[in-house]
Structure formats: structure tokens, C-alpha cells
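Look for chain A in each of the two complexes below; its partner is chain B in the first and chain C in the second.
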Partner chain A sequence: MPYNWFDRNLKWIYVLPAVAFVLVMMLFPILYTVRISFYEWSMSAITPPKWVGLDNYAALLKESRFWHAAGSTLYFTVVALAVEVVLGVAIALLLSREFRGKNLVKTVFLLPMVATPVAMGLVWLLIYEPTIGAANLMLKAIGLKPMLWLGSPAQAIPSLIIVDVWQWTPMISLIVMAGLATIPREPYEAADVDGAGRWKKFASITLPLLRPTILVAAMLRLIDVLKTFDIIYATTQGGPDLATETLNIYGYVLGFQYFKLGMASSLLVLFFALVMGLTLVMIWMRKRMEAQYD
Partner chain B sequence: MTKRNKTARLIMGVLTAAVLLAFAFPFLWMLLASFKTQSQIMSTGQLFAFKPTTHNYASVFEEYDFLGYILNSLVVGLGSTVLALLLGLPAAYAIARHHLHKLGLVILVARIIPGITFLIPWFILFSKIKLVDTYTALILSHMLVGLPFIIWIMISFFEALPKEIEEAGLIDGCTHHQVFMRVILPISGPGVITSSLLSFIFSWNNFMFSIILSGDKTKPLPVAVFNFMSYSEINWGALMAAACVITLPVLVIALLAQRYVVNGLAAGAVKG
Partner chain C sequence: MNLLQRRLSAGLAIVMTVAMLAGCSGKSGGGSAESTMKAEPSAKASASPSSGQAAPSAKPFEGKTINLVTANHPWADAIKPLIPDFEAATGMKVNVQGYFEDQLTQKLTVQFTAGSETPDVFMYRPLQEGKLFFKNGWLQALDDYVNKDPAYDFADISKSAIGTATVDGKLAGIPIISEQEILYYRKDLLEAAGIPVPKTIDELVAAAKKLHDPGKEMYGFVARGQRSPLVTQVSSFLYSEGGDFMNGDKASINTPEALKAFTTYGTLLKDYGPPGVLNMSWPQAFGIFGQGKVAFLTDANSLYKNATDPSKSQVADKVGFAPFPAGAAGSKPYNITSWGLAINAKSVDKDAAWAFIQWATSKEIVLKTQEKGNPGARTSVWDNPQGTTGFPPELVAVIKESVKGGIDHDRPTVINVGEARDAVGEIVQKIITGETNVQPVADKANEALQAVIDKDKNK
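Up next is the complex of A and B:
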């Protein structure tokens, strides 16, 4: 026996503390959330938690505020994701050629992703300020009418989408640029021989070869856009008139402003199921696509 | 033909400059406003030309004790990063070398699940054991964000190391543990830097966990800056100075370690 017990079981000794930590910090809370979603509980010392079965879920599904939050989440997610993917790929193509100052551009591109979201929320609050904000100054400069931006229920979500696009399009671009770097030269040379134009080369070579990369980037953004919290909470806190109240914000409000812990938990269970479900669908799509190319 | 190429190049150049400006603009605006007085911000006549004042920064540090909040953020950021490295590095190594990718997936789930799902149970539990408003609660919660990133970045890093290095160490009579400590870790600098920087940045920026689990004694910067906003009328200059103070450290880190951060974000992303 060359090694002692410690060395023979080393891989478990290495991996188990991390797994144990994650399970305790994550699995326990999830199970606990599921459990309290069946209780009516307001965190007060006088009234103890009361078992109500599926009542919280039923009440939630009957609420228009819940459906409104679900709709806002969907609206925000779908539009932000679509814009970020299209714009991200376009910018990646723009920046992938060689030019002077490329590193500077890439550096600036990195900043929105790492900057503190709450601080950026406040900056955008100033930019969107209707009387002194830069957004309206620009609109006026090009002869358009000023808008209310975050102050108007109809314009609030589009305004937040602009912030999300500003912050996270660079992420898609960086991933796509990494993908572009791995595309082989040969198909383009063959296309040149065939006399294919720029657009034709893009549509029939670049885009198909990039598709798996784009899908990975989109999947990653999808998971995170759904969970957007900091920017929304720091700028509108769900307002005006609940216009920007997504499921994430509503869950927070139910739990930590109304202290309806049971109801909040049932909402979070549904939200959790939604995010996991969509993630699994995306993983399945990716697998299917990989199989197609093999 | 050359003329057409020239025009095309010009259009590309203008587009690139426009993209650059659009993404840099909010930072520029924040920086400018942080040196303006309230009335300069209110009057749209002095957008770029104005007499700068450092009054906003003085008030942020003198009236609102931002040094204390910076210290809180540092303690939590460094604490959660060091502890996540301690758990994450050996775990990533074991997962990479022994192909325990199923276990790796368990850890990755922490990256997918909405953080708010943990928050109610944590809050109840931490209240019961009197940990709300302690560094412990904040460090533990921030570790759950940093750890998956550290593990996933380090798995690909360790997998890329040639196996011969370890075999040489074993032949020299090291145990597996000694190989990891004396051979693998010393050559893993770039990976460790990348993953620690990202873990620290995530902790520094974290708002949702901090707003619930911190209190007067442990309030980190994002929560302080956010609360700062609710003092009656918005003092834009001071608010922008506060935003600069909180953003500056992460921007400096990102600029100094640009390559690492890009690689890390991309690796964490692609593996995600």
C-alpha cells in the first residue's frame, strides 16, 4: 500500500467540503422555501405559522398582480435578450477586424459588466431625469420631444431594457468574438473561389458556424435577465404603478416589505421552477444542436 | 474598388467610435456630475465646461462615513473570496482530475437558481442564530456567488495542465496532497488571480443579499449608496461622487487585470 488513508481518499476530502457548503447554503433553503410555501406565516411572534396546503399558490394564481409581474418579466426578458443577441453579434463582427485602438475599445466594453449595478442604476436615474437628464437633452438636440422615461408606466420597462442592453451586450459580443476567432479560414477561401459576396459569406458560413456560440451566450443571458434585480430595485423599486415589478421584485416585496413569507415562498417556488425549466430547455436545445453537427 | 474599400473602412471606423462612445457615456456623465454643484447639474447650460468642485467627495467621506462602508465591503469581499478559494481550489482540482463532473453540476446549479429563493430561509435562519448584521452572514452568502465561479474557472484551468507535471512529482516521492500543494498550486497563479478577482468583484457589487443580511454595523457600499439616495431631495452631485467611489475600485481592478477578467468572464460564461 503506497499511500495512506488520507491520500487514497484525497479526491473526496478535496471535493466534499465545497459540495457540503453548497448543499447547506442552497439545498436547505430551497427545501425550506418549498415547505413554508404551504404555510400562512407573517413572521410575527403572536401568530404561529399555519398550514394552508396549496392555498398560497391558489391565491397567487388568482391575483392580477402576480400575472402582471409574470407579464413584465416576460416582456423585459424577451425584448432585452433579443436586442442584446442581435446587437451583440453585430458589434462582435464590427470589432473582430483589426484596427488601431482595438484594445481600448475592448477595455471600455468590459466596464459596464464589472461596474457596481446599484451605482450604475443611480447614474441612469440621473440620465433619465426628465428635466435635467442627458437622455432628454439628446432627444431635444435632434429635435424630438422629451420623454418621461422611468417616470412613465409605459416607458419604464423599455428604459430599463436600454440599461440592461448597455450593461450586458458586451458580454454577448466578447463570447461571440471568442467564437469568431475559432472559425477556420478554409470555408471562406472556398467561398472566394466561388465568388460569394460579403453577405452571402456571412449568412452561409459565419452565422451557421457561430450558432452554438450564440446559443451559449443567449442561454447565459436568459438565465440572468430573468433574475434581474439590482438595476430595477435601485431605479424604480417596481414602480411607477407597479409597471416594472417583475417576479423577482414582487417576491422581494412580498417577503421583505409585506412579510407574507408563505405567499412569497410560493411565488419563489414558481419562479425557481420557471428558471430551472427554461435552463433545461436551453440545455436540451444545445445538445440537439451539437448532435446535428456531429 | 479601392475607393469603395476606403468608404467602407470609414463607415466601420465611425460605427466603432459610436459604439465606444455609447458604452463609455454613462461613466463620463457620472464622473462629470460628481465634480458639479447641485445648481450646475440643474442648469443644462454647463454640460462640459464648468468649474469643478471636490465638495461632493468631501461630503461623502466626512458627513456620511463612507470609509466605514468601504471597510465593510473589503472585509466581506476579501473574506468571502479567501474562504471560497479554500473550498473551491481543491474541489475544482478533484473534479478536473477525477472527472467528477456530476458533482461539478451540483455546484453550478447555485449559479442558475435565482438568489432570492435562498433569501427568506437565510433570513429566518440567520435571525434565529443572531447572525443578521454580522460579517459571517454576509461572507457566507457572498461565498455562494463566488464559489461556483472559482470552481468552474479552475476546472478548465486544471484540465489544461499537462498530467506529466503531476506524475513527475509522484515519482519524486510526493503524496497526491503534496503534489497539489507544492506542484499544482504554485503554477496556477493566473487561474487563481482570474477567479479571485471575479469572486471579489461579485461580492463588492452584491446588493440583494447585502440589503437583507447586513445592518448598521456591517452595511456594505452598495446598500449605503442606495440608502443615501432616499435622504429627502436627491443631492445628485454627492450621489454621483458616491457612485464613483464605489465603482472606481472594480474599474481599476478590471483595467489592471483586463486580460484575466475577460478570460474569466468568458470561461465562466461558456461553462455556464
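Up next is the complex of A and C:
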């Protein structure tokens, strides 16, 4: 009886589209990428892919350029994430208070997040222009020395971090504001009775209760920062002198500029492992923290 | 927190990680949808009177459709308004799509890898992708097509341009844009300082030094400083000092001539360039030149409008053009085909595709696109006074001069151009960042370039 069959299997049928989507659009590309990573292939229609086993991985791990890219990825990620989390939480705390024009401030503050990253990259490229850009005009106006920004290997990553912080801090704030709204009032009242000060209340009540939320926000952001591509490619394309070449950019270069599909794939597999590893560490941290407060 | 929640969060993390990488590796699939879109029989075209060059009965491609993919390039802007005439004369429908350079390469690569029948005709960069595309079996060799119609006059297309578009003795595409490197300078500044237009690289360095005044935000020289983009522009320095990227199948970017050329270029940018040159490709270089803050600029002549168009340049009426200055081996700028038209080897209707190319690169149409400022590859059009009306007269003289001694490549001619360019670019970037011990850097880059060349031999 088909009707009964549907009835009994309804829970499977409902999730089927989602499962199919994940299989076709996510799992398949990943497995395919893993497969290509064992081949040498320039996408030729004439020369078929050549099986090279783990050679691609071995070659990558020997390359100083790969390690440099991995270093740049971590540098960019750690600093951007740290600044965004601290700033994001601070701003969320500010915005959770009542003041006039609060909604307007909130809206304006969230705008960078909605903007298209590549377009923003191009705008920042103009802002950072050392001779005619707005950033240096501002520095000069307040009597500071102009900087090279994206034009100097040492300043390029910090400059990009500023862009990332500008664009994505609002996301952290948004999540943390949601978390703030769920904190019960009672602990504060109890603290008031005990005569706790503002700082004490923040450190002993707000922060611990917010911690799970902050960790979720940080984890979401972590994955996103690690894979940052658009703003880097739109502004420096990995330069100057490879200073901003992250793993993602290097993967693109290997794939679409050097046409080394096998190498590019093996890099992506390693990158996948890195992202996965860091994410698992975050989940483990969260678990431990929960155990502490349970 | 219960178990379900924990599992959910772990699951969420995994799915998100997965989604991220799926975004990075989405290389398969692509554009077969377009090919299913067959032409609606072009009622519009048959209703309008045919444009005279073809008899009404001779609409050989009635009802056919081809897909054309162009770069966002002035040539594409010039050809698009002319296409309706072609459609009316042949009965063919031409669908046009445009992309920025990098996206174009990527789009074509993805389409061809997927074995797509579209696009039928596309713009490509013979020196950048030509070898790879051809050797991957993606391009239709055109040798059998070009001499079918004597009126096309294939011999009229410049030899060096054809040389650029030839791979393994086969014609991979038809040149549409040719370009040479020239020297742009500020007439007013040179006049005020009493400096004659530099004829040699030494004079250029001296003049740039004299006009360099960073305190007043006035800089002597600008050119591309980004790793890969700079390679094509340093090439003319290299040739003019008597070097080249390769000597036969030996990499030669660590020779004394090469080091001299790279050091000159790098030092000009380091000592007399505006701040931030390391992150400049041509838009930034022309941008700051157009802001009136730089005295000299070397780049391709085909970009001259960025310096002389008043909407882009504040010094539009003060820009002078000169042939590339001479080094130890004379003035040897590159003289290359920067863009060509090619046919997809899997295109279902190659005759229709060729008909389009034949039309778009005919004397008549090249004249029309060249009048709009797109330097073409046909000798007869350059000899025709009307053919040069799209350029300032001074520039025409410079172009004619540059073509004489020109070299037919502006980057290492290998399959994997991207990697080879990065090897060369690294040397120059190191010089710009102040590295004084250049020889070891160059030796290492030379090895990298040699590895790229050696790989080609197995293909």
C-alpha cells in the first residue's frame, strides 16, 4: 500500500532533498577533489590525468611557498579573528544598552556586512592608494606619516585585516546581541544584593553566560576567515612579493594560473584538513567549557 | 547541554567546512544550457533588407546561432554595434557574452574541461593561454580556413602577429589586437625642465631622477610593479639590453644582460617611483600618471586612452609618446598580438564560427574597429590614412617606428605561462623591495623557469 509506505517513511522522504543536495553538491566535489589530488592533470582533452600517488602532497610539503601561504593564512586568521571577537563583543554590549537612535546606529553598523566583498575590495584598494587614497589623506590631516598599506609586504596583511574587521565584526556583534537577550535578569539582581560592581558583574555573570554564544560566533567566523579569498584577490592577488598569498589564493593560482589541477586539489585537501582540525579544536574547547559549568 | 545538541553542533561544523570547500573546488559542470538555446528563426533579420554585400539568396547561415565570448575590452565595444549588420547579411544569430580578463580565462577553462560545445568563438590571449589551450586540444587549427576566400587576403595580416598566434606550426587563432611597449611622458614637465625626450634608457633614468620630487608628490617614473603583470613590461627593457627570457630551451633570466635590465626597471620604480608600486598593475600606474603626479610611464600603446581621455586623465592634453628608449642592444620593444579570436574545437558549426571570424577580421571591419582606437594586425589598414584616424598622429608615428624592431613575445613562451611569469616577477619585486644581492635570487628564479621549460618537452 503506497500510502502507508509514504506514511511510515515520511521522515526519510522529507530530508531526502537536503541529503541529495549535500551528496551531489558537496560530497561529490570533495571526493572528486580528493581523487584529482592523486593525479597530474592540466585539464587537457588530449593527455589524460596521470596517476602520481602522493607526489603532489610530497611536492607541496617540500615547498617553502606552501608553508609561507599556510603561515600567512594563520597570521591573517588569528589576528583578524581575535580583533573581531573582542571588538564584536564590546560593540554588542554597547548596542544592548538603551539610547536614542539605537536602531539607526545598529542599521548603519551592519551595513558593511551586506556589501559585496569584491566591490568592497576595490573600494578599499582606492582608499589604500598611497598617493591619492583617503587613508593617507586622513593620516596626513592628523599629522601622521603616510603609509604604504597594500604596497608594502609588511603592511599588506594588517591592511587586509582592517578590511576584514570592518566588514565582519558586525556579524559577531549580531550573534552576541542575540545571546545577550537570552541572559536571565536574576543573577544580576542577586549580584546587586551582594554589592557587586559593574566590572565584577560583567566578568562573573555576563561573560561566562555569553561564552557559548561567543564560541559559536567565533567558530563561524573562523571558518570564514580561513577561506577568505575575495577581498585578498580583489586587492593584492597575493602580492606584494607573495606577502598576502594565503592557502586559498595559492590554490587558485595553482589551479587557474598554473593549470596544475592535481597540485591545486591536494592543496585544497590539506586545507580542508586544517579547517576541519581547527573546527574540531573549537568544538572540543566548547565541550570542556560546558563541562566546567555544568 | 544534551547529546543531541552536541551532535548537532558537531554536524553543523562539518557541514559548514564541507560547504566551504565545495565552494573552492566547483570546477566541473558549466554552460551546456546555452547550447540548447537554439536560434529562433530570425524573422527580424530576414525582414530587414540585406546589407548589399550578400545577395538575398546567399544567406548561408539562415537560422544558425553562434556564441561569442569576449573580454571586456575596447575591441568588444567596437564590434558589438556592427554585429547586427553581419546577422542581417548571413542570417546567423550571434550571442555575445563579455567577461573581465581573469574571469574569461577561468570561464573558458571550465567550459572546455567540461567538453562544452560553447562558446563557438572567443577572444583569447595567444601569449598567455594560446599554447596551453591548443595543446589541450581546445582550439580548432585554422590553417585550412584562412585561404578559402582570396578576398580575405590572409597575407595582409602582419607576419609577427601571425607568428604569435602560431603553435607547433599550426594557426591557433586570428590576431585582432596588436600592441607595442612605448614611453609615455609629460610634455609640459620636460619642457619646463629643459629635458629632451629620452632616446636611451640611460637618458630616461637621468631624466626621471631630475624630475623626481617626492616632497611635492611628483615622481619620476611609474610602471607595473605587481609580480605577474610587470613581466610583460620589463620585457622590452630586457630585449633592449640584449637579453631574453629564454635562449632556445635554456632559461636565461640570470644573465648579466637580464640582471642589468631588471635592475634598471626595479631601481627606476624603487628610487623614482610613487609609493606602493609593488601593488600596481596598469590601472593603478595609469591612474597615478593621469593624476599628473608622474613624469614618465612605460606600458602598452593600446592603453593610451587611459592617459589621453579627459574623463580619465587630468593631464590628457599634456601627454607625449615616444618609442621605447634604446639600451645596449638598441630599442627593442615587444610587438605582439595581445588578443586573438579562436574557434572551440568542439563547436558544432565551425563553418559558421569561421564565417564570423572572417567577417570580424576582414579589412573592412578591422578598419572600423581600428578607427575606434583598437590597433589591429592588418598592414593595409595601417597604410590606409583612414586607418590611423583613431590615434593621435604622434602615436601613429611611434607605432610605425616600434613595429620595425619589435620582438614577437612579451613573456616567456612556454605552456605554463603563469608559473614562468611569477619566476621572472619575483626577481624584479625583490629589487624593488631593496634586495641588493640579486644574483642568488635570479639564479633560483632561473632554475624555476628552467623547470617549467623542461616540463614542456614532455607535452
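Criterion: the second predicted complex is superposed on the first by the 284 of 294 C-alpha atoms of A that agree within 3 Å, B and C clash if a C-alpha of one lies under 4 Å from a C-alpha of the other, contacts with A are read in each partner's own complex, and residues count from 1 in each chain.
Just so we're on the same page, a residue touches a chain if its C-beta (ideal position, glycine included) is under 8 Å from a C-beta of that chain, and two chains touch if they have at least 3 such contacts.
Note that the structure is predicted; figures quoted are calculated from it, not measured.
Asks: Applying the document's definition of touch, where does A:Ile283 land relative to chain B and chain C: first, second, both, or neither?
Replies: second
Asks: Is A:Thr107 touching anything from chain B or chain C once the two structures are fitted on A? First, second, both or neither.
Replies: first
Asks: Touch check for A:Ile132: first (chain B), second (chain C), both, or neither?
Replies: Both partners.
Asks: Now for A:Pro153: first (chain B), second (chain C), both, or neither, which partner does it touch?
Replies: second
Asks: Can A:Val78 be said to touch chain B (first), chain C (second), both, or neither?
Replies: Neither: A:Val78 stays clear of chain B and chain C.
Asks: Touch check for A:Thr33: first (chain B), second (chain C), both, or neither?
Replies: Touch status of A:Thr33: both partners.
Asks: Could you let me know whether more residues of chain A are touched by chain B or by chain C?
Replies: Here the partner covering more residues of chain A is B.
Asks: Is A:Gly251 contacted by the first partner chain B, the second partner chain C, both or neither?
Replies: Both partners.
Asks: According to the stated criteria, A:Thr47 is in contact with first (chain B), second (chain C), both, or neither; which is it?
Replies: second
Asks: Give one of first, second, both or neither to describe whether A:Thr116 is in contact with chain B, with chain C, with both, or with none.
Replies: first
Asks: Take the contacts of chain A with chain B and those with chain C, and give the residues found in both.
Replies: In chain A, residues 22, 25-26, 29-30, 32-33, 43, 132, 216, 219-220, 223, 226-227, 229, 248, 251, 255-256, 261, 265, 268, 271-272, 275-276, 279 are touched by chain B and also by chain C.
Asks: Report the residues of chain A in contact with chain C in the complex, numbered from low to high.
Replies: Against chain C, chain A makes touches at 22, 25-27, 29-30, 32-33, 42-47, 128-132, 146, 148-153, 156, 216, 219-220, 223-224, 226-227, 229, 235-242, 248, 251, 253, 255-261, 265, 268, 271-272, 275-276, 279-280, 282-283, 286-287, 290, 294.
Asks: Any idea which chain B residues touch chain A in the complex?
Replies: Answer in residue numbers: 12-13, 15-16, 19-20, 22-27, 29-30, 33, 41-42, 44, 47, 87-88, 90-91, 93-95, 97-98, 100, 103, 106-107, 109-110, 112-124, 140-141, 143-144, 147-148, 151, 175-177, 180, 201, 204-205, 207-208, 212, 221-222, 225-226, 229, 236, 239-240, 242-244, 246-247, 250-251, 253-255, 258, 261-262, 265-266, 269-270, 272.
Asks: Over in the complex, which chain C residues touch chain A? Could you list them?
Replies: Spelled out, the residues of chain C in touch with chain A are 1, 6, 9-10, 13-28, 102, 105-106, 109, 112-113, 115, 132, 135-138, 217, 225-228, 274-280, 284, 287-288, 291, 293, 345, 415-416, 418-419, 422, 426, 429-430, 433, 459.
Asks: Considering the complex alone, what residue numbers of chain A touch chain B?
Replies: Per the stated touch rule, the residues are 3-4, 6-7, 10-15, 17-19, 21-23, 25-26, 28-30, 32-33, 36, 43, 91, 94-95, 97, 99, 103-120, 122-124, 126-127, 132, 134, 137, 166, 170-171, 174-175, 178, 216-217, 219-220, 223, 226-227, 229-230, 233-234, 248, 251-252, 255-256, 261, 264-265, 268-269, 271-272, 275-276, 279.
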